[in-house]
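A, B and C label the chains in the order they appear, each numbered from 1.
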Amino acid sequence: MSSNGGSDRPFVTFENVQKSYDGETLVVKNLNLEIQRGEFLTLLGPSGSGKTTCLMMLAGFETATHGEILLDGRPINNVPPHKRGIGMVFQNYALFPHMTVAENLAFPLQVRGLSQAESEQKVQRALDMVELGAFGARRPAQLSGGQQQRVAVARALVFDPDLVLMDEPLGALDKNLREQMQYEIKHIHENLGVTVVYVTHDQSEALTMSDRIAVFNDGVIQQLAQPDVLYEEPENAFVAAFIGENNRLRGTVAKAANGSVQVKLPTGEQVSALPINVRGVKGEETTLSLRPERVVVNPRGKKVPNVFEGRVEEVIYLGDHIRTRLNVAGHDDFIVKIPNSADHPPLNPGVDVKIGWSIDDCRALDAPAGE
Amino acid sequence: MWVYTGGEQTTMADITANQAVTGPLIAADGTPLKRKLAQTTRRARMRALLLTAPLVLFLLVSFVFPIGQMLYQSAHNPSFGDVLPNTARALAEWEGDGVPGEEMFAILAADLKQAREDRSIGRAATRVNYELPGSRSLFTRTVRNIGKVEAAPYKEALIEINEKWDDPILWATLKRVSNDYTASFYLAAVDRKYDADGSIVMQDEKRQIYVQLFWRTLWLSALITFLCFLLAYPVSYMLSVLPLRYSNLLMILVLLPFWTSLLVRTTAWIAMLQSEGVVNDLLVWTSVLDDDNRAQMIYNRTGTIVAMTHILLPFMILPLYSVMKTIPPSYMRAARSLGANSFTAFRRVYFPQTIPGIAAGTLLVFILAIGYYITPALVGGQDGQLISNLIAFHMQRSLNWSLAAALGGILLVGVLVLYWVYNKLVGIDKLKFG
Amino acid sequence: MKIGLKTAIAAAVAATLGTAAMAEGSLTVVSWGGAYTKSQVEAYHKPFIAKTGVQIKSEDYNGGIAEIKAQVEAGNVTWDIVDVELSDAVRACDEGLVYPIDHSILPPAPDGTAATDDFLPGTLHECAVANIVWSTIYAYDSSKMADGPKTMADFFDLEKFPGKRGMRKSPKANLEFALIADGVDPADVYEVLGTPEGVDRAFAKLDTIKDQVVWWEAGAQPPQLLADGEVAMTTAYNGRIFNAVAAEGKPFEIVWDGQIWDLDLWIIPKGAPNKDAALEFLKFSTDTQRLADQAKWIAYGPARQSSAPLVGKYNDGKIDMGPQMPTAEENLKRAVQNDFEFWADNQDQLNERFNAWLAG
C-alpha cells in the first residue's frame, strides 16, 4: 500500500461533515474521513448512499451543511471549485464537444496562463500517456467510448493536480473495456503518485483498484479498510452482503466463550462463529456471514467444528468452479462454490451431502431490522 | 451468378444490361430479385407518398402558386394591353418619337370606345398614372367624351378633348406601359424610375421612401433580434436548469402570451405605453416625470421595438431552451474543475454549445421581424413603420399590387440571401429549432 | 402578398363550393362600422327586414376598394352592397368592378319630383347612389380648453393651442387643411394643390406640427383619442364626434371652418350574389323618409333635398339635427367639397410623398 508522500498529515480530511439538500433528511451523516497523500481511495456504495455527494463536496460543487473539509491542511469550504486545483473525471466524461481532443486538454492549461509551447508539450505528453498521441485533432464524438474515457483521464491529469476525483468513470463502458481501463487507471495512479478519490457502485472495480475502500450506506461509512480486509473481515452485515457473495444465517446468541459464540438457528442447530459485531449477550439477534468458497464439502478432520447436512438443489457449471445451491438449516439459498478440480467430484441435484466450515470463516455480525 | 463487371459506380441501366447478359438474381419464387424487391417496397412507398400528398398539394396551392403569381405580377402588368389591345400593338411597332400620327389616334379612339362599352378604362388609366401622375383623368375624361368623336381626324378631336394628348412625354410613357412585361415596379421599389428618354433615374427626392424603409426594416429587425437574444438567453437558461415544476410554470408564463391573440397583445402595449397609460401614470405618480411632460413611448419607433421584441421573444426562447436543455451541467462543472472561473467556463464551454440555438433563434426572429406587419401598423406611428406596412398599403389602399409584389419580391430575395449567408456562416444543418 | 394568397384560396374555395350558401335570401351589407353602421341599421336595415323578410348580414370594413377588387377578380363575390366614398365609387366604376345603376328605378320624392331632380347635384353617379353627405372636420375637448380654437389656422397653431393633434394617416383632407390654414381660400384649394409649389406649401405647413401628430386610421379612433386625452384636438368625421357628444355626453366641440365634405354612396359589386335584393335595398334605403330617418341617429346630411324638411331631432328627442349637418348653411361658409378627380389623378404620387414625408 502506497501512502504518506512525505508528511504524516492526511492530504484530505472530512471533519464531522453533514449534508442535507432539503433541510429534512441528511444525505451525509457526520462523516469523518482521512485520505493520505498518494492514496487510491474508493467510495463504494449503492446509489443514494451519499458517496457522490461527498465527492461533489470535495470538488466544490456542493457545500457542506455542517463540518469542515481540509485539503492539505487548509479548509476549503469557501474555496470555489476552480481554485481547488483538483482534477476530475466525470461519469459521462464531459468532454467539450465543440473542441478537439487537444483543445480539451489544453483548456486547463490555457486558463492557467501557460505559454503555447508549454501547453502543447504537456498536452502531447498527456495524450501519449493514454496512448492517444495521434488523436489530438479529433473531436470527442469521433472517438470510441474507451478513447473518450482516456481523454477524460488525460484532461484531469494534464495540469498536474495533486488530487484527482473520479465519479464512476467506467460506468458507460462494456465489461471487457472496463476491466482493461481499471488496470490502466491503476497504472497511471501508480506511475504518477497522484492521490485518487474514486466513486463507484461496482464492488469488483473497487476491490481491483483501491488502496482502501470506504463502504457507504445511508450516508454513513460502514467500513473503511483495504480490499482484502473488507472482503475477508467485514465488520457488519451490510458490508458482508455488499462486498462479494455470502451466505447469511439468522440466529440468536446462545453462549459466548473463548473468542467464539454459539449461535442457535431457528431450526435448532447450533453454529460456532467468530463474534465481530455482537456483544455476546444470550438471546441477542445476529447474522452469520459465510463466504461460499469457504464452505467445505464432505469435511474430514477436527478442524471443522460446524458440520451440517444439506440437500443439493441446483448445480451450475461455471468453468473454474461449480456453483452449488443447497438446502441447509431451512435455507434453500445456501451457496457453495466447489473448485473444479480432480478431488472434487461433481454433485447431482437431490443428493444429500455433508458440509462444514471453520469458526474463523463464520462471522457473527449485527442483525439489521427487517431482513 | 451475379458478377460485378465495372470499376466505376454501376448505374441502373448498367445493372439491367448486365443482368441480361449474366442472368439476374432470382428470388425463391422465381421472380427476379430486383422486381421482387420493388414489389414489396412499392406499397410502402405509395402509402408514404399518399400521406404526404395533401401537404404537398396544400403547399402548392397556398404557397408556391401564390408566391409564383406574386413574383409574376411584379414584372407583368397587362392592364394597358388588356384594355386597349390594338393601341398596345400599334405602340409596340411605333418607333417612339414625338407624337404619333392620325393612324395611331384612330386605333386609340376605337379602343377607347370599346373601353367605354366595357367600363374598363380605369385599369389602363391607373397603370399609366403610376408612371405619369395626373394622366388618370386624361383617360377617364376622354372616355366620357369619346362618344362625340365620330369621324376622322381623330388626332385633332382627341387633342381638343384634352391637350395632353399632344404631349410627347405621354406617348413615350404609353409606349413603355404598352409592354406587359416591365421592370418599372422593381425600379419604383428601389426609388428609381424611367425618365422621358427611357433611362433610369432616381425618383424625385421628396418621393423616395422604399430604400430608406428597407434599410430601416433591416436595422430595426436586427436590433429587435439582438434585444430578443439579450432577454431570452437568461430566461432560457433558467428554464433549462430549474427543477421541472418551476420550469413548467415559467414555460407557461413564456407561452401564455404566445397563445394570446397578436392583436390583444399589441393593444395591451398601447394601454401600457400611451401617454395616459400605465407606465406614464406610474412615472408621473412617482414624480419621475412631470404631468405635462409625459414620455412618448408608443406610436413611434420605441413602441415598435418594445412591442415586437415582446411578441417575438418566444421564438428566441424556445430554440435556445431546446438546445440548453441538452447541455448537461457536467460540462460547466468540468470546466470549473479544470480551473476556469464561472465567466470563462460560460464563455468558452457553455456559450459555444448554445450557438446552434442562438443561430436558430436569431434567424427565426429576424425573418419574422422583417415581414412583421400588424404591430408596427398599430404602434409604429410614423417613424416605426416597416416595409411590410407599405406592402400592405399598396395591397389595400393604393391597389398598386404590382408594386406591392415587387416590394415583396425584394423582401423574399433578401430573406433568401440572408439564409444563404447564414448557411455559409453557421451551417443550416446546425440549426436547432427545438 | 396577403391578398394574392387570399385570391388564390378564394378562387379554389369558390370553385368547389360555389356560391350556393350565400344565395338563400340574405343580403350582405358592408359599411364603415361603429355609430355610422348603427344609424344605417336603425334607419334602413330594420324596416327593410320588416318589409321584405330578407335577412341582412352587416359587415364592417375600413374603406377603399381593395376587398371589392379582390372579390371581383377572384370571381367569388360575397358582398352585395357596399357603402363607399365618392372617389372610390368613381374608381370602382372606371375599373368595371361594379354594376351601373339605372337612376330611373329610384323612387320619386313624396311630392312626385323625380329622383334625378330630388337628389342633390352630383350625388347620383352612373354606378352609385349617394345616401349621405359627411364631412371631415376637426374637434376638441371643450372641458380642457375653455376658449377653444375657431379656425383651421388654429389647428396648426401650437403656440396658441399647445398639445397633440390627431390626423388621419392619409394625405387626403390633411393637405387641404394645411393650405386653408396657410391662408388659401377654400375655393382655390385644389387649384393650388394642383401645382408642385402648392404641394410643397401644404407639406411645409404640415411640417410645423409633424412631431405633435398622432395618426389615426379608423373612423372610431379620433373620438377615443380625444376622450383618452391622447390629443388636444383631432380631425374626425363629423358624425363620429356628434355621436360621442349626443350618445355618450362627451364635451367635444366641432370646428366647421375649412370642413371638407364628401359623399357616401352605395355600390353593387359585379357578381354580387344577391344583386336583385341589393337593388331593392338600395331603392328602399335612399327614399326620402329613410334618409331623413338616418339623421335621427347620426349627423350626416341626407342626399335628397326632399329629406331635409323631414329631419327633426336626434333620437333622444332633444338635439335639433339641422345645425349639426355638414350641409347646414352656417357650416358651409368656408367649406370645400372633396375633389375626387384630383385625388384619382394624384393620389399615387401624393401617397408616396406623404409616406416618404412620414417616414423621414
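Going forward, a residue touches a chain if its C-beta (ideal position, glycine included) is under 8 Å from a C-beta of that chain, and two chains touch if they have at least 3 such contacts.
Small disclaimer: the values here were computed from a predicted structure and weren't measured.
Q: Between subunit A and subunit C, which partner chains are common?
A: Under the touch definition, subunit A and subunit C have B as mutual neighbours.
Q: If you average the C-alpha positions per chain, which one ends up nearest the average over all of them?
A: Of the chains present, the most centrally placed is B.
Q: Could you pull out the chain whose C-alpha mean position is farthest off from that of subunit C?
A: A
Q: Please state whether B-C or A-B has more C-beta contact pairs across its interface.
A: More contacting C-beta pairs are found at B-C.
Q: Mind checking the centre-to-centre distance between subunit A and subunit C? Centres are C-alpha means, answer in whole Å.
A: Here subunit A and subunit C have centroids separated by 89 Å.
Q: CA centre of subunit B versus CA centre of subunit C: separation in Å?
A: 33
Q: Centroid from C-alpha atoms only, then distance subunit A to subunit B, rounded to Å. What do you get?
A: That pair's centroid distance is 65 Å.
Q: State the interface residues of subunit B toward subunit C in the complex, per the touch definition above.
A: It is residues 61-62, 65-66, 69-70, 73, 118-123, 125-126, 129-130, 133-137, 140, 206-209, 212-213, 216, 274-276, 299, 381-383, 385, 390-393, 395-401, 404-405, 408 of subunit B that touch subunit C.
Q: Could you pull out which subunit C residues touch subunit B in their complex?
A: For this pair, the touching residues of subunit C are 1-5, 7-9, 12, 64-67, 69, 90-96, 100, 164, 170, 203, 210, 213-215, 228-230, 341, 344-349, 351-353, 355-360.
Q: If you look only at subunit A, which of its residues touch subunit B in the complex?
A: 59-61, 80-88, 90-92, 94-98, 107-108, 111-112, 155-156, 159, 165
Q: Across the complex, what residues on subunit B touch subunit A?
A: My answer: residues 328, 330-331, 333-342, 344-345, 348-349, 352-353.
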